[in-house]
């Protein structure tokens, strides 16, 4: 019998891989890795080789003997894997640029995981993740799938609902950030606070208690409105309305700004669109710099610059999750997972993002209890939007996509919304085979992408 | 023991009263009325007298001996009433003008029952209706309350939830319109179609079947996209998206345009705001004309012009409902009523608008069964918005009002929304005693109404 | 195109058929029947011929020209049927004798629709009804199935859940009886009372209101404890406990005696078992007499004696239901039907028995609202028992059958219950092909029927 | 500010107290106790003094300086308590003897926490625990209440539902036993197994997984049917039916024998009743022996004989729970606690018994997910029985008590059940002030206790 753990990373050529390696090296004692397979597609081959060499150097500089395998053959890699992590991006950053620029062209929000962009990312990603799951059923039926491909919640829901695969956990770094910054703002240690999160990916709230068991969420709210406390810096830093937070008695996540301060977030995005370029365009530059660094044959540790890429702690969360499963550690982690009642306002069989104790059986979700009226309503409409998006991603049905668009709180329904949707279908044609019929019709109707930059990306 | 039925109409000075009278006269044989009390407030005294005289003339021209009583003393009127109808408008049409113009000033939808305006109408109306209910508990505990004051669903919910009064039914003319126009469009008789409605007031869907029991909803959808069929003319006539209707397999109500074609409905409203004036301003003119007509001592029947006032069949629906309760007729009527499971996607104890068989016990709701994913999500978020609005109306809590505003799908959250909300508080100061503290704070902060017309209404 | 309605009655040789004919003759004006097909199996051929001739005589004596067809070929009969009624009894009355005597032999309740007997009736009946539904899908996909084969609720649930056939309604005469006897007991007319039923077949409660809409259930409770009122005579007449009825504020159905007065009902059954024979044995005699009567070539109307057979009004309810569907009459009938939320304490997709307005679309269930704590608990456990029984009937799984037995409130779990179950498997071997494996095992273990009479029935 | 933890034990004169002391001494390092107050009532004064002296000796023999206070004044003790444990028994063991013997006299199960006896224990206990909670609100509003007075689940539910006190946890030793014996039976260590429990107190099931995350519940089932494995010895050792366990895929708790093998458990109880005496009578002897031991001024540690008293590990579980809360340890403990969705088949606001991670905020319940059909039905009916019992305990309503009795699966409804209930009211008259009216009526009707032993206990 082979010894040690086999890790497979789909989308292995990602700039995040060094953080993942660092996380594994740091935890080698509790997670004895035998081999790591980085998988990518033909289009990502060059990056895969650069980052793969870098990854091997990192391990070589460590006390451990771990071999990095690079491959374009997913099936070869998956054979007998223990853990599979997914961090791929269908259509690469250029697809994200389109997700952002096409809505902004029409004055609506273009964003990676929210609004129209997030929905098209789901349309592209879900068919691929379902293929991966089918491979896993054959090649590594005992493996765990640790997903951090966005939109992480919808991807996880698709895996469980349509892929019928339960050994999966969706990760996100947003809750990690909160539990790191808030103690500092309150001037206490992380272990002085007790956290309970509930909601959906990029749409959750949390409560904080002290070690006497008393709810001190209001103190965090105080800190959020105290400039010196410096809370929270993720996403564009428009403040929430204090009365709203006090009414709910919970802390929203950073992405809630898109919903609670829709106007300002849109305006900020439009300003970037019209000046420095959207977030994906900025990230592309950062990534180029990162890959230049990674090429340096002397670099054998994660460079500082990766931090500013965004998504810090994402990979670390993945490593921690894997170590918790492997070692049955019962570590508190916030994960996307089957609800099972933890959020009683949503069906027991859908995916939620909640505090869980993670061990060999996966996530043991902490039951949060019923949410207040407003948050319950938000969750229910967002879950409907997610389910419709996933259904459209699987069936390729135009009407279902339109229903999803219409119910999305960040999309103003009507002619412009439909134009945006139609252009996005055209723009992502290559990655949306399930919508082939729709796209043919739209082409026949003469729909074309209007934003010049988006139009001219591969 | 007295014989015959005593009807009390709160807001009796309304221009709708003649339609109500017509409805009662038409149904005298099954609903033998003894006396009718029209109640209004000091500010409406003149209108009350005009319409009261007109009403008496209508009865005098009928074969029936019914006495119209006019009073400003609600308690005097309510004593031993059998049925109480409510059609009052707190702040009269001027308040509605403010509800419409203040949001439009900032580029958002101003509308009587949807968006910001509908919420403030609830804030003004709910405290008054709860006072009426308290009076009824003492003065006519066996009476039925037939409400058609808007927002009719929220008002009904407030009556049941906070007023703890179950003998109430909320009415709306929208479903009546559908069941009158659709058979014509299909070239069949009304009795050839079987209807089932479910949802919330101004936010319901329906299905249609033929007398073989087969669903023919798709035929109505066909007719909606067939210009010659002439369906539906209520509200500004922007078409729904056909793919969306086919996906849901149901017919939305006219007000769904605000949600499914948000952009166009907003633009249309803004255009009216900037040109002919908002709907309330138009209605004011119609009303003035109507009252001129009503003054004519020779007029003893409902004039044709009332039809164009909007809200046709509203009063007729009320008369039909009263007759159905009185005669235990089991008439099919679409009403706002306690859910009791008819819409299983919403709590059993909230108010919904559904097809019911109305008789002596009130509404016997037809169980609709679970709705499709999108409609379920819509209902749940709208019910959350309603519950928050009602809670804010009762408690006067600013944070709760802000939460309601934020979750309302027709309000883009952020600074402008908050400005609109704050100005509306100032504009309606006289009618919002429960928010006195908030309004004092806003006044201290210097908030004032920006729209010149709204500002200068009493 | 053919004119008039085609009725098919499976189990047409039943002694009930004359009541069915009477019901159709009475309603011919609203339900113009063209032809009636009576279907039975080889073993029932003689009865079919007797009752078939009798049925034809009844029509011949009527003003209407309707042809009775007799056949053993179900498929021939089903072709183009408009309505199919099912009143068959797998294994005939001998099977019922076994269902009754085998439990009684061991001191437990033996009854047609409750306890062990009712479960085995479900095991025998459900596979056959699912075959009929498959035939209907091919031969008369537009037909309605009106079932009054017991256990009527479970059979209806199986048809919808496993047969995926929605055009079905389950009938029972128990609610009919209540609405006929209670008005008499109160000294009022039927139309003076408003009824609302909810629950499961043979396990429902109802509330009564007067035509002022006031609940007067307590008056019916009074009448039940007033000897002269003579309420209710169905089933062995042991009184309910008054305090219990007052606590629930509802009237249980007669079968609730098995659950609320378990001890007395068991003792009564045991006494009959030990003396006059069980109910089925009594019914066999009645039936023999009936068939003797039916042979009389001069008899052309339903004989009085049929009344005492039990199940009076059963067939009449079926005729009324068929007429209501055919004529889209919106008649109030209590039926077993898909819940759709009418009983919010049970899943929306299971079958319940409730007041419905029956028309062309089938049942439009009246939403009953949440039940009190005790009745909610009873319903939930009984539905679990039903679902397990149906699942066992379909899968033939022994463990599932055992779980159903164990949760059944009328079965005391343990060794004796298991013995009863095992003997019933042996006794009904011929009609339980799905349990062939289990039965073979039990035979190998030497299980045999102990009750001498049950053992010696074919 | 005072340092160290103040513990108050209501029912401090219990024979369990030495185990509690041992548990605290063992955990002194993590739970630094300052003082312990043992509270009892006048009738228990002698025992309190014996066990109090013994407790002080135990601490004196330890390295720690902890003072034991004895008092009959509950309020004095509760002042500023940190933790309150409740292990009192209203009416002492004599009341339990009555709970057991009166039902057995009539051939029904008499048992401490199940059936009629358990319900009357709830009737006696709940009013007292609610008084304690009222005291705590005033005297130690920050304290945690750790209850192990039976019926522990119902007592906890009453505290939360009617006492409106959330800082409570109900404990039971049954799950502890399972997690101690099953690993041994499988030949593995406790840490090799992952447990997940869900259900109600004395009515829960569990699943077991290995540290690969694979469900191995079936292996435990195997072990249960392997004589040598020696599983499980608690309660009278009648085996479950293997097919039933395999169908559910879960392990029932020992008390499920009362429901799954009702016949055998009843017969066993009747045999004891007729020979050696009921369990309470046996326990009385054990207790007498224990108190003799406790009197020994040289005894300063928990004697071996306490083990056979039953309820082993109960007090240890309490100490562990207190330490986990105090130290925010996130220890896995199975507790009775507010559901919050962990068992989605029951309302989110009721009390369930589930695996939880216990820390400063109390229980963080692990969401179990939906249960299979049979177990769902069982839970729902048992929760209905619990809620009715608690309601009757609070309101003193006879009809509600009768409904609770009727729905209890271990009580055969009817005349005998009513006799048992009525006699229990008479027998416990002194401790059921809320039922004074009922008891007066029963006395007037001449109801007396039939069992000679029960009748003659004070």
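A, B, C and D are the chain letters, set down in written order, and residue numbers restart from 1 in every chain.
One rule holds in what follows: a contact is a pair of C-beta atoms (placed from the backbone, for glycine too) under 8 Å apart; a residue touches a chain by one contact, two chains touch by 3 or more.
Just so you know, these numbers come straight off a predicted model, no measurement behind them.
The set of chains in contact with subunit B as well as subunit C is empty.
Distance between chain centres (mean CA atoms), subunit A to subunit C: 55 Å. Between the Cα centres of subunit A and subunit D there is a gap of 46 Å. Counting only residues that touch two or more partner chains, subunit B has none.
Because contacts link each chain to exactly two others and close back on themselves, their graph is best described as a ring. If you check the complex, the residues on subunit B that touch subunit A are 241, 243-244, 246-248, 259-266, 373-374, 376-378, 380-381, 383-385, 387-388, 391, 397-400, 402-404, 406-407, 409, 412-418.
Of all residues in subunit C, those touching subunit B in their complex are 142, 144, 167, 194, 196, 209-213, 325, 328, 330, 332, 338-344, 348-349, 355, 357, 359-362, 364-370.
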